[in-house]
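Step one of this worksheet: look at the structure below.
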Amino acid sequence: MKIGKSTVPESAICGSDDETIVVRGHDLCRDLIGQLSFTDYFWLLVTGQRPNATASRVLDATLVAIAEHGLVPSVQASRMTLAAAPDAIQGAVAAGILGCGSVILGASETAGRLFLRIDALAKEKSLSLEAAAEVVVRELRANKQAIPGYGHPLHKDRDPRVARLFAVGAEAGTPGHFVAIAEAVESVLPGLTGRDLRLNVSAAIPAVLLDAGFPVGALKGVPILARTASLIAHLLEEQIKPIGFVLSHAGSKAVGYDGSVPAGFVAGEA
Amino acid sequence: MKIGKSTVPESAICGSDDETIVVRGHDLCRDLIGQLSFTDYFWLLVTGQRPNATASRVLDATLVAIAEHGLVPSVQASRMTLAAAPDAIQGAVAAGILGCGSVILGASETAGRLFLRIDALAKEKSLSLEAAAEVVVRELRANKQAIPGYGHPLHKDRDPRVARLFAVGAEAGTPGHFVAIAEAVESVLPGLTGRDLRLNVSAAIPAVLLDAGFPVGALKGVPILARTASLIAHLLEEQIKPIGFVLSHAGSKAVGYDGSVPAGFVAGEA
Amino acid sequence: MKIGKSTVPESAICGSDDETIVVRGHDLCRDLIGQLSFTDYFWLLVTGQRPNATASRVLDATLVAIAEHGLVPSVQASRMTLAAAPDAIQGAVAAGILGCGSVILGASETAGRLFLRIDALAKEKSLSLEAAAEVVVRELRANKQAIPGYGHPLHKDRDPRVARLFAVGAEAGTPGHFVAIAEAVESVLPGLTGRDLRLNVSAAIPAVLLDAGFPVGALKGVPILARTASLIAHLLEEQIKPIGFVLSHAGSKAVGYDGSVPAGFVAGEA
Amino acid sequence: MKIGKSTVPESAICGSDDETIVVRGHDLCRDLIGQLSFTDYFWLLVTGQRPNATASRVLDATLVAIAEHGLVPSVQASRMTLAAAPDAIQGAVAAGILGCGSVILGASETAGRLFLRIDALAKEKSLSLEAAAEVVVRELRANKQAIPGYGHPLHKDRDPRVARLFAVGAEAGTPGHFVAIAEAVESVLPGLTGRDLRLNVSAAIPAVLLDAGFPVGALKGVPILARTASLIAHLLEEQIKPIGFVLSHAGSKAVGYDGSVPAGFVAGEA
């Protein structure tokens, strides 16, 4: 069954023969293994180019910033899955990755696109970054859309990772243009929303990565790769020091049954 | 890249042309849609044969028995995944299915194979079912293997679903041979283990399905199909009456951090 | 870490104690097992109500219509996954379910919502169904949105399942109002699009299910539950008659490598 | 519902309060972001310790060696999933990760444990590595178990990545003891199996990682993390240069339908 338009059936990522594996034009064994970090290899796989030292440092910093934050929902789902299906660790990793959606981790790409819009608008209309930010934020609010990357349930001030990422970006030599855009958005939010929504890591990451030359379409891959490292660590801990059933027990005690019941029934633990 | 041995590249499940879809030899539109239940269609897809009335009733009963049991770990993982990634319900269903592993749902197949071994041994050595059961259970214990399908964390007596499933199997006209085997295992367990492990639904299901002629290799599909129905219901409820973040909040409060800390750090909510 | 607004922490689907499992207000063992089909149980889980005979027949028919259609992409992905990870059938089922997205299976809900909009508009503005259909289709086209549920890559005429589903809906006694809306859309499409896009099964299913009283928010669960049955059948066949590596071998031969290469490299099989 | 034994409900990976995120005892912002690579952070997350320079270099090399190898089955499944469900890239990543099972990627851990057994046996019985390897390989064959990590469908000689990884391990200063064990196994295989099975990357990776001090229980995480990088790159390419439906079209043409058919039916494309 043919579905979809015909496409040029080629991929530019990897080819191989009996002796050689070629990745983005490089001989994997001769040119890559032992000669660049996994982080730089990720940049190469995604973009087709090796990152310069600035880009490499920034990508490492963003991956480290976002990977781990304790028993977040996707990590809990993952650990519960391993407890229920201990023979297939890849299933538990996959379950955790399925929680990498828009609410908790997906804002990195949407924030990046927000910054690009502000950048384009400022250039097109010769506006200051603050003025362009105000226009774009008003549009979002008019369409009842959330402002991706601002506010945080635990860190009421700026998320502590933001300042550190911006400092690393500056130390690494990025131009800081998108950081300035991210800060422009933060500066206009109180006036437009009545709320003091501070930059969080989901906006800081695209800001520094765009400053380092990372393609906006690839931003969503960064939280996913990072979270995979955390999931693996948590699952390895789960195999030695299990808490999966503690988590599910706590969850089931926290939620009751409010449907109808037959006469005489008294709900125990759900 | 060729991986794996060459195989006859054919499937016997479904073929189609411009006008007709053929499933297991039947014209889907002419012979199947509106003419058999989804449960019977599942039996046909899996076995290549339509079930008789006895088999149909038993399969329905087992699917109904196993599908729903509240906020079990895989349902919690699924609801948390939807809360974190609300745009992709198929991701949340998949996350829940990944929890259908050996601990909670997988015992149906292993119990089925246990019963087949006891059946074969009894015939081969002319033993009573209890004697054959004792031999096989001793082997499992000698290999430090669990007895699949016996005992239950909540229902200290027999799981209430067991009696009902056995009654349905009898009403539907099954021979009851594998039910007898399942009960033989239950009768020998106290003497061999010192524990009163009663039949639970994971052993009852293969017993009645084997009595109804269901192939043992397909047993593991039954809990998976059943659980999918429950997951869909829970996810639809999650979209209207969310509890996903309540579950993760309860989980994170139940588990502390016991790694080392920098001087002056006091752990808040993880 | 608290994420999300506080919500009433209750679920209305299932509660249990030592002796009784209550599902949607019914005693599972006393009232449900052996007393209703798995299809009817699915309706009960999802809606909280047992279906009448009309609804039961229509739901069965739609599940049977949509479950199986051969080696579609999600089934291929599933079989390849089992070939690569044979120890975890739930992982392969999950992989197949992850392909149940908007392109191939998700149109059922969007088509259902389209029909509801046309229904509401016709009532609100006292329009004929054709006139209301024309208004709504024009809107979709103006917003460059696809018309969900019309056209099919293989069946150039109406998908053969459509007529059968509509006939079952009529035989079962549904009012046929949403079927009329679905046909109204089909009648206006040539004039508005210049293309003869015929109803396919993704529009037929919501039409008959809405006529049977199925809630629109639950429509997306129907293809997912149905597809799970097919995946299980294919995976059981994969264990006996494997084609997973035949599929991946064919795929890798169909796509070349068009990135740059080191001097002297000749691509073999990718 | 309480399932499972009670456990000490603590995790040693991450804790946080309003101001500080602590990971394995370190202040994430003050001590980690911008100060170590993502690879080193992965080692820290998994083991609780920061790697030395030798370990860091070896882990980078193994991740780079294993991440990408073109349109392998899990990558094809992933790209097909994105083509079918384009709105949820995390679903497509998860689908690809579900193919990281025993056949293609899982051998790293099993090979690592094989090497540890040979090491322990050699020490316990004062045997040479070759003699110990022979004993252990004979055991595997007697139990009809595969020898993990030897042989490769494409690279008939040693997989080219093996020599490079061993060279990196030596350059980085590892003791080379497990590399010697891996080579001892290779040297005894022809005599025991009659086949010239050469080391492949799935054995080389645990050899150099064990030499670098990486815990054997964490070995399985390495191919999973590495593969995630490749999946992200392929999915980003799929969004721009789609081949998902080309893959499924090729697959469906490669497999026929061999079930029975109604009279007059001629199978078209499945």
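Here the chain labels run A, B, C and D in written order, and each chain numbers its own residues starting at 1.
Quick note on the criterion: a contact is a pair of C-beta atoms (placed from the backbone, for glycine too) under 8 Å apart; a residue touches a chain by one contact, two chains touch by 3 or more.
None of the values given here were measured: they were computed from a predicted structure.
S.K.: Following contacts chain by chain, what is the lowest number of steps it takes to reach subunit D starting at subunit B?
M.R.: Graph distance in the chain contact network comes out at 1.
S.K.: Using CA atoms for the superposition, what rotation angle relates subunit B to subunit C, in steps of 5 degrees?
M.R.: Roughly 180 degrees of rotation.
S.K.: Using the touch rule from the top, work out which pair, A-C or A-D, shares more C-beta pairs.
M.R.: It is A-D, judged by the count of C-beta pairs in contact.
S.K.: If I average the CA coordinates per chain, which chain comes out farthest from subunit D?
M.R.: C
S.K.: Report same or different for the subunit A and subunit B interface, where same means the shared residue numbers exceed half of all residue numbers found there.
M.R.: Same-residue interface.
S.K.: Once you find the CA centre of subunit A and the CA centre of subunit D, what distance in Å lies between them?
M.R.: Between these chains, centre-to-centre, one finds 23 Å.
S.K.: Averaging only over C-alpha atoms, locate the centres of subunit A and subunit B and give their separation in whole Å.
M.R.: 35
S.K.: What's the distance between the Cα centroids of subunit A and subunit C, rounded to whole Å?
M.R.: Here subunit A and subunit C have centroids separated by 30 Å.
S.K.: Quick one: which residues in subunit A touch 2 or more of the other chains?
M.R.: 1-3, 8-16, 18, 20, 30, 69-73, 83, 85, 87-88, 90-91, 94-95, 98-101, 103-104, 154, 243-246, 248-249, 252, 254-255, 257, 268-270
S.K.: When you draw the chains as points and link the ones that touch, which shape shows up: line, ring, star, complete, or other?
M.R.: Topology of touching chains reads as complete, every chain touching all others.
S.K.: List the residues on subunit B that touch subunit A in their complex, please.
M.R.: Those in contact with subunit A are residues 1, 16, 70-74, 76-78, 80-81, 83-88, 91-92, 94-95, 98-106, 154, 243-255, 257, 268-270.
S.K.: Along subunit B, where are the residues that touch subunit C in the complex?
M.R.: Result: residues 1-4, 6-16, 18-21, 23, 28-30, 32-34, 36-39, 41-42, 45-46, 57, 59-61, 63-65, 67-71, 83, 88-91, 93-95, 97-101, 154-157, 160-161, 163-165, 167-168, 171-172, 217-218, 220-221, 224-226, 228-230, 232-237, 239-246, 248-249, 252, 269-270 of subunit B touch subunit C.
S.K.: Considering the complex alone, what residue numbers of subunit C touch subunit A?
M.R.: Touch list, subunit C to subunit A: 1-4, 9-18, 20, 22, 24-27, 30, 48, 69-70, 72-73, 85, 87-88, 90-91, 94, 103-104, 153-154, 254-262, 265-270.
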